[in-house]
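Chains: A, B, C, D and E, in written order; residue numbering restarts at 1 for each.
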């Protein structure tokens, strides 16, 4: 079964055009071509004449849902295209009472995985013309060559263990649902390896990482769980985290950011992906996830639920270590 | 005078320099090549297209302590001077060009920024011409090129198995004559000039796509254009573009005091942040992304050339092109604006 | 339906009639029995009084073998069943203990299979409806007291498949066979099996109470699901009658014997001749056999 | 710039002996905002307090730090001191340099250093203090009592006596509760009805008490002082204004049913009063079993009613009323001992529960007080009483002791001997008699009434002829015993009302794993709940006997009276507060609040461009909030704060202590 | 710290030392600095009881009083480390004893996660102690402080998260 996004591009444009024309939505959040064929960029269109700029291809990774926050106080609905992972992000915004479901028209996009453009761009295939699903691999044909790329190697990591191939929230769907199985089990072995390091080595590792941070806040701004009206890092009094890039503040910043999304992270990995300094930010979230699974018996902490993991307790079953 | 230096000698020279000053050079760590302090030449990456961060980090650091004060009943102030000598190696032409643009802002005119001045004086800039411009590079758009030496004290050009070197300033000549003594060899001038010319004429494909000619004038009447509405929608308001940009220079002054000890420092600020222009009253003259996005590009392509005469506040380093999470970058804006205008 | 079959020592010795009729009934009802190879003693009733770990390890070894077969275990003997169920229960949420047990038996015991008594399989899993459909010769007019003994349905946390105080599964089976059952008080009392050799005085008292209650309730016979119980109630009846100067003459059946009979099997193949209290007279009088 | 005064206390030699006061003073003088430092021998003494007041006035102080003993000791004292000098009481901080310093650190130098740090903490904190005002809220001067048993009746009478109006809501047709079912009461053996019915009559006649029987609480909204309660008044099908309670209707009704009041041992009609002394003495029609309601025919009651009071078309009514306080007195149920298959309850007619025995022995019960076996009406000779049936048996899901069974079993033993000279055998695990006259009462049962107490459990009860054989063990003798009894009484556990958890959810109070309501503090606030303004009385909070129930009812009543006697309620200002400007309205703070003090509210706001928008923000009900601050940690942006312990405060304290 | 790293810091550059600083010995006369967060109803009362009972313990702890352990934001803990605390004690009522009935249960969840997370970032786990100490456990308070002080004394100064102003 083909889950090639490009196959649904025409249908998407038709649907968006119709929705914009009949007034169902007043704008649509989708993708347009970016700087090259590997880097589609988000695009927000409000007029039918812009619709032909919308694209869908196998590199459309960017999670768009956070843009909805720009429209919460406006009248009318926004349309959005959402993959399974994006729909979790949308659920995050909805359960956080930041976005109201009835103000969003979701075009769901069943997804068998998104190709990691950063890896493919290195292969010198030139302008990508066509991507075909070959089951265990994608055939990527560019104007300078073509390659069959094993999914296990060339998809984004999160796509490999994804169990949400089909959007959980959708008003309509592009194409049939795809089989909802993870290509490999989610494993936290890298986290365990880190846990087993002595404190000094952990410290050295994180010092190296956090030293690189430029405090651009791209991680925060792209994160669907970082959806506060006013971010704690922007509040001057009290100042929880200083705005210098001294190591201690960088650490406070990253501790606080990770902590604030603990149990709320939907595991979209966007923070790590957009980080211009390539900080391994998901190593923080995966640590928290792993512990939540173990400590509180919550097998899928990345699925938004009615009660936050840290907003509940089990009086007798929660581990007792502080006696 | 053109010279050559063998790679091993270059490494020896850098090792020597690292002993008594801060050596800043491209270095790869966790997959990211950026300019960072290194202990020795062994840590330096010589094979890279451009660094993730620019020379700005060391001439105009992201946060910089300015003065200390004590308020223990009395008030005493101690100025902090960045007196440590530093040498920056491996600067690409775009960064070398950016220093000249920054100089205009921070050193030109009636006042000069004392900290910047000190660092500028204390820093030796060693440039390295570009062998393989990246597909995000567009320095030629602004008239720079892969061999552009700009503010370099010493400029190096990789030439086969050695480097062609040119000392361009007194500081540069001191290096060659001082620590570099015996490591440089005279070069064949004609051959050297040919190498330089080859670098200057190197093809920068993306640069060809982006034509900035006359955009400052077009933008004079573009402030209220619908275009800003359309493109700003996708901005996520992070500071990536401004922080990786070698020419963005906005900053924020802060005092912090505890227990009678205080510190005044400045750190970069970004016009892309929502609270950048937020006033104490809560009012914000740039309340939406539209005003903020417009500000950044107007500043680079219109206000700066208007104020400082001619050059744009961009050197085509391509960092924002590569790193903007949503593909909203200056090259695209230039293309768009000119395209929009053409169709207007 | 296929089970790992654990006969235990009795079914291969003193209770061959139980084994034979078990196999007959299972074959009739499509229950396949695969005997556990190289099975060992379940440890009842002395191991748990001697060494706790031993009492778990003995059944665990048999269970581990069943795990290798990938089958749940069925044990016709109530004592065997009880020890196995107890082992599973104790090691279920105790990884440490399970590990210890595995060390003792020198094989990995994971706790993945269930242990069931034969009665549970036939009465709960197969069910009286299916049984009733197979009946060819209803046991009309036979009034039985269903006797479970102490190990089959107790303790409830370990067994849990029938009411521990007033179990009904055997009654339902017997009714399905066409027999009549009596409501009586001693169906889960202990018969004293473990003391059958050492303290005959106690055995006599306990069996007397049971026989007495069954008789008082108007039963023609007792039906049981345990070779120990059968041996005591049947084999010690003489002693009881002598000690208490009473006359019961209550035949004690295995429930599988009655099932086989009702399924139309020939009576002479059901091992009645081995009983101390010969039931054939009763069966003749009711015109059942 | 603040003007902080620091007052360092010597506490005689308690502090001064171990902390160098002069050094502390010198250090304090250099701290930011500190303009005045003074030491006193005893700051809490009259002169010490006067010195603070004097300094506030003369030095124009706007904040005060007292470095002395624990704030748990004298915070209120010094709050009064500063407010006496015209300063807001909350502009005070205490540095605990006694309990946390001079008393525990023998090294004077280190102790002094720490004292300085502790003073600095207080100085930094007090700079962030702002004046706080106690808010006041109105109180509706009326109490609601849920449950019309002895607890509810007692609480209502006490409140009514204090001059406040009370409404009793009782779900059955009559008030009286379980106590009305009892025959005699221990340890005095006076008749339950004789002491209960006068109280029932009092309640009915008291001008301040409104009885709402055959009614249930449906919905509760609001908060302390201001509850709005919706009460479902179930259709009685009787016009109570006309009915005289003459009883003709129920004598004519042809439908006979087992009586709930007699636990099925006796019968009632479809139109009935549950028991003769019922209050109100007005019947209800049992819709489910009334022949008219089932078939549309009969109407015998209507035909014979001389007052014309039968109203078949009556419908349930929903009544909304406001209350200032609520007392929950919903009582208990007796546990159904069927899960003990070995005792044969339900199988053997003569195995009965303790409460059933009460009905058998009661003069107005189904046997008119003659103790007869339910099976054949014979008078029993030997009776076995089994204690702890359910109670103290985790396997049956009742881990607790039901507290009353030892005593009522002793009572049953006495009654059996007294009334019919039967021989009682009591199987027990322990006999627990902690109460005035209780041990003596138990002794009477054994000594004067020759009850045989056997320490051990009964393993089985079975029928043998017309006897019930009780097999058990006498653990003191180490022997098995078998008692052939004519009747067996099971002292079954007291358990929660079946709908206890539902009512708890309606009220917003919590309940424990046994579904008994949870008091606010097991030791210090035993009649309050965590929801301010809701109090507990009687067995709904845990098994209790009558004297204890009455005591708790009066305690709950006095709490309610105290609340209702106030014109306005003052609320503690140290509660949570929302900064609406930065609140995102995610409301993740809401599920964390144990007091249900947080809810969303919609505010209007002008945004850039002049547009007015509506958005939801968290809102704290200051009358419900107790100021624990658990919500603040759930608030990522810091919009939620606790006054007096704000983020700003704590961060400043950390800064101060880390210097 | 090498010349270059010192220089890098002096230059204010966004660079941390890539080697580990923890090996540096404790300065002369260094005493562990421990910040305690104590709930008003149990632990603060327990510390008071230690005082009234004259149970002695090291003077290295300074207690901040909060209403409930549920009030203690883990960010306070990290802030204390940042400001130079060598150890932090977070303490409240025993589960089931919370004055506000549930605050410590939330605290327990938060700190089960936060202790692990702070350790993951390279802080020695011994530096953050979470304990339930009731109002009657003056001795336990003193013992806890003593043990914590000794553990931290053995570890030396906390440099991992400490800032330099």
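We adopt the following convention: a contact is a pair of C-beta atoms (placed from the backbone, for glycine too) under 8 Å apart; a residue touches a chain by one contact, two chains touch by 3 or more.
Keep in mind the model is a prediction, meaning the values are calculated, not measured.
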Q. Which other chains touch chain C while also touching chain D?
A. none
Q: Among all other chains, pick the one whose mean CA position is farthest from the mean CA position of chain D.
A: B
Q.
Comparing the two chain pairs, does A-B have more C-beta contacts than D-E, or is it the other way round?
A. D-E
Q: Just grab the chain with the largest centre-to-centre distance to chain C, centres being mean Cα coordinates.
A: B
Q: Please compute the C-alpha centroid of chain A, do the same for chain B, then give the distance between them in whole Å.
A: 31
Q.
So the centre of each chain is just the mean of its C-alpha atoms; given that, what is the distance between chain A and chain D in Å?
A. 49
Q. So, what's the distance in Å between the C-alpha centres of chain D and chain B?
A. 71
Q) So, what's the distance in Å between the C-alpha centres of chain E and chain A? A) 35
(Q) Which positions in chain D are in touch with at least two other chains? (A) 592, 634, 647, 651, 655
Q: Send over the residues of chain A in touch with two or more other chains.
A: 208, 212, 214, 240, 242, 245-246, 310-312
**Q.** Interface hub residues of chain C, defined as touching at least two other chains
**A.** none
Q) Within the complex, which stretch of chain E touches chain D? A) 31, 33, 35, 40, 44-45, 47-48, 50-52, 54-59, 62-68, 70-74, 76, 79-80, 83-85, 99-103, 106-107, 110, 142
(Q) Which stretch or stretches of chain D touch chain E in the complex? (A) 70-73, 96, 98-101, 103-107, 110-111, 113-114, 117-118, 121, 510, 518, 520-521, 530, 574, 592, 594-595, 626-630, 632-634, 642, 645, 647, 650-651, 653-655, 657-658
Q. Residues of chain A touching chain D in their complex?
A. 73, 96-98, 227-232, 235, 237-238, 240, 260, 307-308, 310-312
**Q.** chain E partner contacts - residues on chain A that touch it in the complex
**A.** 194-195, 199-208, 210-214, 240, 242, 245-252, 255-256, 258-259, 262-263, 284, 287-288, 291-292, 295-296, 309-313, 315, 318-323
(Q) Which stretch or stretches of chain D touch chain B in the complex? (A) 30, 32, 120, 608-609, 655-656, 659
